[in-house]
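One structure is given below, represented as structure tokens, and several questions about it will come after.
Chain IDs A, B, C and D follow the sequence of writing; residue 1 opens each chain.
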Amino acid sequence: MSIQTNVQTSATPLGRDELAALVARDIAPGSFVNLGIGQPTLVSNYLSEEQNITLHTENGMLGMGPEAHGDEIDGDLINAGKIPVTELPGASYFHHADSFAIMRGGHLDICVLGAFQVSATGDLANWHTGAPDAIPAVGGAMDLATGAKDVFVMMTLLTRDGASKLVEQCSYPLTGVGCVTRVYTDKAVFLTGPDGVSVRETFGCTLEELQALVPVPLKAVAAVGV
Amino acid sequence: MSIQTNVQTSATPLGRDELAALVARDIAPGSFVNLGIGQPTLVSNYLSEEQNITLHTENGMLGMGPEAHGDEIDGDLINAGKIPVTELPGASYFHHADSFAIMRGGHLDICVLGAFQVSATGDLANWHTGAPDAIPAVGGAMDLATGAKDVFVMMTLLTRDGASKLVEQCSYPLTGVGCVTRVYTDKAVFLTGPDGVSVRETFGCTLEELQALVPVPLKAVAAVGV
Amino acid sequence: MLNFIDTVGEAVADIKDGSTVMIGGFGNAGQPFELIDALLDSGATDLTVVNNNAGQGDQGLALLIKEGRVRKMICSFPRQSDSWHFDTKFKAGEIELELVPQGNLAERIRAAGAGIGAFFTPTGYGTMLAEGKETRLLDGKWQVFETPIHADVALIKALKADRKGNLVYRKTARNFGPIMAAAAKHTIAQVSEIVPIGALDPENVVTPGIYVNSIVKVA
Amino acid sequence: MLNFIDTVGEAVADIKDGSTVMIGGFGNAGQPFELIDALLDSGATDLTVVNNNAGQGDQGLALLIKEGRVRKMICSFPRQSDSWHFDTKFKAGEIELELVPQGNLAERIRAAGAGIGAFFTPTGYGTMLAEGKETRLLDGKWQVFETPIHADVALIKALKADRKGNLVYRKTARNFGPIMAAAAKHTIAQVSEIVPIGALDPENVVTPGIYVNSIVKVA
């Protein structure tokens, strides 16, 4: 994967599938990866066999295969979203404490999550709207946010109302502090960290146009390599 | 097992094997038991098949069988004393953290240990002489002392010099605090606990003769049952 | 002491009002439905239930909640599209909720079985689920003090038991079974098959029989 | 990233001076003798070694200690009838010893692999091995604050590996292997057999390949 100075790599914003394909391409060969529920699950459609990626599901499995259909469906073999899945050769099963030890212990290379908001320093809000009458439900979100070596977020950059989900400080309740390393959106890929937010590439907009949408200072990624 | 008012149940002190047989008889059917290195290992020779006792060894096994001999010897199958042992039907293997979780979690019914000293309140000293030039080595002694529902000690009542090993307060470094529930010796069986020391039975001496040997106040066990 | 019991009704008969009951399963996988139904029939009430969820649809745990038997839920994910019985009770203030991140839930259950008095975990630090909890900087990460979850009874589902009570599970239905079996004072396992001693390879036993008290075969 | 390596020498070649090295095994069962010999040959020194013991006789870890490569031992049981090399170094003040009760050793290693920053354990409370340590009354028992033991490298022995790095062990030779594999940044496993992907039943994998970095077959 080459990291380049800010480049508009697409003339139009990316669709969900294009974004999923981009995330898939950015995952290093041989990685162990957890794909969160929802949009991140799409990434699995774009992983190539040559990449040799091993998928983890927090309900106790490494080597998860694609969604099960028809006769493949087995009630004892589901993913974290409770969808029937399949088992790839070389898989393994373990109990819940061992499964979350894999996450908390920092053994996963990448976790891909959806988000309501991401802050300039990588805080993540993706579990709770904070509405007073909402019934809270967290599942494995906080564990996923805390554990992986890299936490990638996939989301649209803007809410339906046009507000940026990349924010100075999250207004929704936090899932994790300073945990997000990269944010994939329809309009740009952002790198987040203690030094602020860099833009790796934009889709259908210039860096200046992007900055007008986002309330945090953006800078272009410095060129790395050739 | 009936608990009786102080009774001299043997005209002479018990030998090591008689004592081991007595401990074995006192283990309730179906119990899960860990036998410490040394004298406690003898107990296994006196467990009957009807008792259906499952032996635990802290290096990762439940369902340990007798010592292996001849062709049975397998370097991958040893006990905590590093002696080759055998596997009984219904055995299971697990790693060290899971094995000590069984102990620390209070799942063993009984652990039988040797001792340098036991205090009136059940403190145990069995791992270290405290000599300034001694190289300390603790192994699983502290874990065994802490974890089992009942900790039985087997020892001679007196040192070679005639000093009582049942003491007001241990002078040797402690293995565990208030952990011992019963002390089996050649001269008597003692029950220890927060209320002090009771004598269940004596061997070759009266309660009065026993009291003369031991620097802690003794009382006879109250009659239980008929 | 291990007992083989003929019916799920007898298996749960001694569960007392006010008990803390762990129930295995994640989604439907590993849910001991027959034992839960028997618990409902038993009439036991004022229960604290530990499960990943808070019941779905009109079955199992959802019915226990509907019937008002559950005083408190300890779980990670109560809100689902079909968790209407929990939702109703919760909004009416008729059920208490302790919401725990799933990995902390698993680790707290594991700690109970392993005799660990408390631990520090990075999960949840800086979030509302750690509010009021002791924190400490360890290994360069801020971590939260968490305590074990013990239970009076665990209801779990396994694939096979041998006559020593050793259990094996099937695929992702393993989930919470092994750690709940260790965390409860009394563990009741429903299994699809009971096999003779020696029929399970000692290398492959997942839950050693020391953790299991009652076994009932469910067809 | 998983690598299959032809010789034990290549497998340990990147172990740096000053590393913390976990070595599996309890007694001779599960000791990766060939990897230890290769570590000795590599010349790596100033090591901190984590093992249950501190070497026996004139082989393996005992020789590493004899040759002065080990700065510090973290173990539960250094003193044995044939631990003469450790004994000599220790009495000469040439090796540091951190003595840890065996269960705390195992749990501290497990905590490192599981991302637990610290825990409280009843084991050792009130003894000289807990002197100076924080204590707390939890679940009605006094408990001692203990921290994880991380390592740069783990050297372990397993029975079989598949081409995904999944491992199975044999009998009591399993002991510290699975928890050390998880606690080290880089895990090197010597195995008796390497089997194709799919040859190990996913239900029976003990160490998932995610914990294994280098595998070398030793005849």
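As a working rule, contacts are C-beta pairs under 8 Å (C-beta built on N, C-alpha and C of every residue); 3 or more make two chains touch, one makes a residue touch a chain.
What you see is a predicted model; the values in this text were computed from it and never measured.
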Touching subunit A and subunit C alike are D
Look at all chain centres (mean of CA atoms) and spot the one farthest from the centre of subunit B.
A
Could you compare the number of C-beta pairs in contact for B-D with that for A-D and name the larger?
B-D
At what distance in angstrom does the C-alpha mean of subunit B lie from that of subunit A?
55
Using the average of all C-alpha atoms in each chain as its centre, how far is it in Å between subunit B and subunit D?
30
Expressed in whole Å, how far the mean CA point of subunit B lies from that of subunit C is 35
Residues of subunit C engaged with two or more neighbouring chains:
107, 114-116, 121-122, 169-171, 202-203
Going by the touch rule set out above, which residues of subunit A reach two or more other chains?
61, 87, 93-94, 97, 100-101, 103-104, 146-147
Are the chains arranged, by touching, as a line, ring, star, complete graph, or other?
other
Which chains touch which?
A-C, A-D, B-C, B-D, C-D
Once bound in the complex, which stretches of subunit D touch subunit C?
107, 111, 114-122, 136, 138-139, 141, 143, 147-148, 150, 168-171, 201-204
Could you list, by residue number, the parts of subunit A that touch subunit D in their complex?
30, 32, 54, 56, 61-63, 87, 89-94, 97, 100-108, 146-147
Which bits of subunit B are touching subunit D when the two form their complex?
57-61, 74-79, 82, 87, 93-97, 99-101, 103-104, 123, 128, 133-143, 146-147, 173-177
Per the contact definition, I'd like the list of subunit D residues that touch subunit B in the complex.
26-30, 76-80, 83, 86-87, 90-91, 97, 99-107, 109-110, 121-129, 142, 169-179, 206
So, in the complex, the side of subunit C touching subunit B is made of residues 1-2, 112-116, 162-164, 166, 182, 197-198, 200, 202-203, 205, 208-211
